[in-house]
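I've put the structures underneath this note.
Okay, so chain A shows up in both of these, paired with chain B first and chain C after.
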Partner chain A sequence: MRAGLMRDLGLGLIGLVLLLALPALFPHPSLRDFLIYVIAYGLLAMSLNLLVGLTGLVSFGHAAYFASGAYVFGLLMQGGAVSIPVAMLAAVGGTALLALVIGAICVRLKEIYFSFITLAFQMFIHSIILTWVDLTGGDQGLRGGIPRPPFLGIDLGDAGTLYAFCAVVFVACLLVMRQVWQSPFGYTLRMIRDNPARANFLGVDVVRMKLGVFVLAGTMASVAGIIMALFVSGAFPEFGFWTTSGEAIFMIMLGGTQVFLGPVIGAFLLQLLNHYVTIWTHHHGLVLGIVILAIVLGLRRGVADYAMAWLADRRAAAAPPATPAKAAAPAETKAAG
Partner chain B sequence: MLTVENLQKSFGGVQATRDVSLAFPAGSLTAIIGPNGAGKTTFFNLISGQIRPDAGRVVFDGEDVVGRSSLEMVRRGMARAFQVASLFPSLTVREALTAAVTAHQRRSWSLLARFPLGQSRARVEELLELLGLGAKAELVSSSLSHGDQKLLDIGLALAMDPKVLLLDEPTAGMGPDERWRMIEKVHHLWQAKSLTMIFIEHDMDIVFKYAQAVHVLKYGAVLAQGTPAEIRRNQDVIDAYLGTDHHLAEGAA
Partner chain C sequence: MSNGANVTGRRVLLGGAAAGAAMLAMPRIAGAQAKVIRVGMPTILSGRVAILGTSSRAAVQYAFGRINEAGGLGGRTLQLVERDSKGRPDEAAKVTRDLINNDGCEIIIDGEASSGGFAVHEVVRDLPVLCIHTNSETSSLTADPKLHVKTAFRCARQGIHDAVAGGVYASGISKQRGLKRWMTCSPDYAYGRDNTAEFLEFAKMYDPAIEVVDQVWPRLFAPDYTENITKALQVKPQAMYSALWGGDLVSFIEQSNLYRLFPNVALFSSSLGDPPVLTAIKQLPAGLHTAYRYNRNYPEKPANTAFADGFTALAKHEPTNWAWQNYVAAQFIAEALKRTNGRTEGAALAAELKGMQISSGLAVEEKLTLRDTDHTLIGYPTAWGRTVPKAPFVEDFAPIPWSQILEMETQWKKQKGYA
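Right after this comes the complex of A and B.
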């Protein structure tokens, strides 16, 4: 399926150009800050959706890997011995190992038990961050800034360069996840999501597949953490608190689980809401709650899923009645853009 | 192909399988019949690795396979379809069959390629043709009719290229016409793929017309086994299951 790959690469390139052009067209520093938040949290939500939307594993503890990426990267950079790319690779590799150990225990459990044990491991990691003050700075976080020495002629000390770097990393990660989504591996995960017992009777090693995607999702979350650490020049215990996982789940619910880019759309909407609602009122939690309730009860799915289903219905209505097509299905294959 | 010897299984105080010894020669088509609660589905679960027997042997393809997981049993060539079609509701017929074929080809871990893999295509087309689901290939599994869902369930099992295929009531929940169409299709599959097939069935007309051998279970034990002609004359079977008013003389195979 070379055509699908080329199309995704093309769309990725267009997305990257758009991301790079926006701050240039509207040179307001707050726009760039806004977009970096969307990039970091969008990536976190996208990585979580590999578990939730693709595999049917609702993890409540995904922020643990976000925090792990941020702290490992921040500590290595503060140590001063390695360059940014090496620290990134080490943070990603270290988090993959962490996800492998935690995942090996979690993926054996089903449904709500899986959710709870992922939450438990996250609280465990959060309390390590809080109590190991010598290493992590405890509740103050990694202070004193994260040095950003230039590498290969790239100076991330410059705000514009940092933004461009984050955008490139973000789009690269989306392309990796898109490949996972469209691979035989991704379709096997859909089998597990729909009917794990049947997948097992068709020769799918369900536990190992789940562990594989768990590690992959943790790895991608760590990249989001690295982006965040680079941007705020620090790492904070809230990165690994359950509210961060909760926010990622909000984004997925807001944007949708079945359309590939749904979680990023959700991240964008949530940041937008946060931004404007906090200008108007102190009770922004209340307003956000009402908006999410309205979407959950009104649309009964994320906005992107809703839009795709609506489009599919229209297409089915326009087509001859003999071909109801994929009207009732999550239209994921058409949802690249 | 498949032999079970002195198989035993209890759940709590209930003995679901009592000292069952049966043989299924290669290429045979065997029906398993018996009243509700006779332990027919439990028997399938025992031989396909889903539950472990308390005692006894299951010899599959010359090897004792007691204690093997259902995953291993599938990979050794024992596939099954279910009483209630067990599908992947959000996948289309083609996607589901392709994913199953891909699993059988051990390419489920393939991360760098795109779905569907070229190597699965011919096999999927063959399965669609065999099942007669070609026109419905792009439909979502959950939108299929009951009969087509049962067919797809069997198709998923066939994607495993099994040596032994277990069918748990392939005609369950169907009207009379649909039943016959279904069993004719199943019979055709058996002939086309030279499988060893074992099916659980309640419709005696179907059993006596199509099965080569019939095994009767009652309270978890083997009540009788033999050819359809022998079984329909067997007084124990008539008393326990068929009943005296069952018109047995008609439609002899």
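Right after this comes the complex of A and C.
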């Protein structure tokens, strides 16, 4: 476990250095903007994959927590009474509480019933955003921008600093999710995904475990919402609409559910396609649909899952014939991602 | 062998990643260095309200085409670069940044609807190029001093102006015909509720005898209005105000025709006067009251007719409300560029646009003004007219004096704490 943590920390550090180096190597503001967008939506998709890929809970309402993070953070900053870190902590804490209340009801349901009740809660929150005009600005969103006063010598009003801040927060969140992914808790969630009755029989409190990961996923989604609010300097009801949840599910389908970083790869691919297709045609929905259809029908899984399986096959083909003692090893690959 | 293949695979992967990053980082066209002045337009070009973006784009293309054919501005031509925001405010912010940072656009014409307009407004606060909002009618965008951005202007009709004009017109009709029992039917979201409240506020101010007997709020993009129409038949109001727009308004009027609602109820609509709405209704009842959105016969000036003909030849449909607003914005930009001798810095163009007046076929009198105090358009048509079943679909436009609108606007600003 300790070795795994050190390895993850090392990889996280390398990833962070790469993220920070990219704008230095290619000093163009649009690359920075694009990466912040990928970071925000990648984090949303990663957090949703804790439910979909790890626990087998397909939530259709995950964007509610994305919106919650953005709105709570935006409102606190517009109030002017707190600094950015305090507003971030309050937004994350408030969203965790919201996810706890909603999750306590949702996780008792299974399969399609779970999916639909999460959707119902999301639409409920979306309606609150639209109708509580005095607080949220209604369908116009939070107007007047989100102030970014400097804290600890960090000025997020500077575009380069904002990018670096988002990259650091992103990598920190990935590390947290990675530890959960690899922890006994994570393996318990896989067991619940594969056979909840057996997990229950073995003494696992299935509802409590599901609730735990539901709250964690909501919390991580709120961080994604905060990053987006900082980037666009506002919060809008579209953040909490079902289409945003649907987009996160698309990213997971595109990237894959079983490789840890699959959803981020999906987010990158979807945003890249969206960026260039939108430039060249207004029939972007058609083009994106065809690409996604080709991937789903051609690969029959996400890109990262497909690549991982392809690499595993190549390694297996290249390796000397397995001895009976080693024959059981491939069974671990599914969880290794 | 397999090791070699692995190494090759990694190299290909790394090479691909580097090429991808380079592609992302490379600006498509170095617009700033060219003779062309690139003007970016984030707008909605897909989905239910795509006509907002497509007609805005056509209007600017028509205006730029005429300027370029006449030799451009000091040898420089104008080029429009549009991007589809899909109606998402975060996407609007992103594409606006892309237009400025990646596509070399030196000026932004913001063709977004309201929420997207606010997102673009915040981008321009960060990246201070000249921005003219052309489709957002939300008054606070320019009226609220807390939202003020030095290089941002609005060249569009405004909610408060329409509310005053509607109140004056409706109260005149209500007094004349004794319409005391009123009902409203507006979409259930912030614009619908705010617009309706402001209309009623001014209508009651000018005719205190007006009594609102019921209000119904169908959801936005609802396909069926039977429930609301039957409620109106039960309540039996003498007049009805509606802030429904676009396809919703078309559905509402066509379904109301089935119940013969309008021979008994006088309808006042804020959005019926848009040519695409008027032409989409199969049997347009005569005598419905509507605010001016666009009409080739009003203002009755050759320049307006020329704009209508030119736009229709390009877009293959009559101009929309959004079209004339974007056309006028393009004219303001061209005039500002003339005065700066082609300099495109946001501050320089903004200094010229503050208080600028241009002669226009779309002005009620002679000139349109971008007011210097709050960077918003005044002097545009706010008249109300009545429908007729055939083209030009709306006639008998009754102009509302701008002096009256401005007086009430000043009071409204004081109430809101904006002045």
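To be clear about the criterion, the second predicted complex is superposed on the first by the 319 of 337 C-alpha atoms of A that agree within 3 Å, B and C clash if a C-alpha of one lies under 4 Å from a C-alpha of the other, contacts with A are read in each partner's own complex, and residues count from 1 in each chain.
Keep in mind that, in the parts below, contacts are C-beta pairs under 8 Å (C-beta built on N, C-alpha and C of every residue); 3 or more make two chains touch, one makes a residue touch a chain.
All figures in this text were calculated on a predicted structure; none of them were measured in a lab.
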_Quick check on the superposition: with chain A as the shared anchor, is it clash or fit for chain B versus chain C?_
fit
*Quick one: angle from chain B through chain A to chain C, Cα centres, nearest 10°?*
140
*Who does A:G141 touch here: chain B (first), chain C (second), both, or neither?*
second
*If you stack the two complexes on chain A, which partner ends up touching A:N195: first (chain B), second (chain C), both, or neither?*
first
*Go through the superposed model and pick first if A:L130 touches only chain B, second if only chain C, both, or neither.*
second
*Please work out whether A:L5 is in contact with chain B alone, chain C alone, both, or neither, and reply first, second, both or neither.*
first
_One more residue to check, A:Q179. First (chain B), second (chain C), both or neither?_
first
*Between chain B and chain C, report the minimum C-alpha distance in the superposition, expressed in whole angstrom.*
24
*On chain A, positions contacted by chain B and by chain C*: none
*Interfacial residue positions of chain A with respect to chain B in the complex*: 1-2, 4-5, 179-180, 182-188, 190-191, 193-195, 197-205, 209, 212, 324-326, 328-330
*chain A - residues contacting chain C, complex*: 22, 25-31, 33-34, 37, 130, 133, 137-141, 143-145, 159, 228, 231-234, 236-239, 272, 275, 278-279, 282-285, 314, 317-318
*Name, in rising order, each residue of chain C that touches chain A in their complex.*
2, 5-6, 20-22, 24-28, 45-46, 50, 83-84, 86, 88-90, 93-95, 97-98, 101-102, 114-115, 118-119, 122-123, 125-126, 138, 140, 144, 146-147, 189-191, 193
*In the complex of these two chains, what residues of chain B are touching chain A?*
48, 70-71, 74-75, 79-80, 82, 86-92, 95-96, 98-100, 102-104, 106-117, 138-140, 142-143, 156-157, 159-160
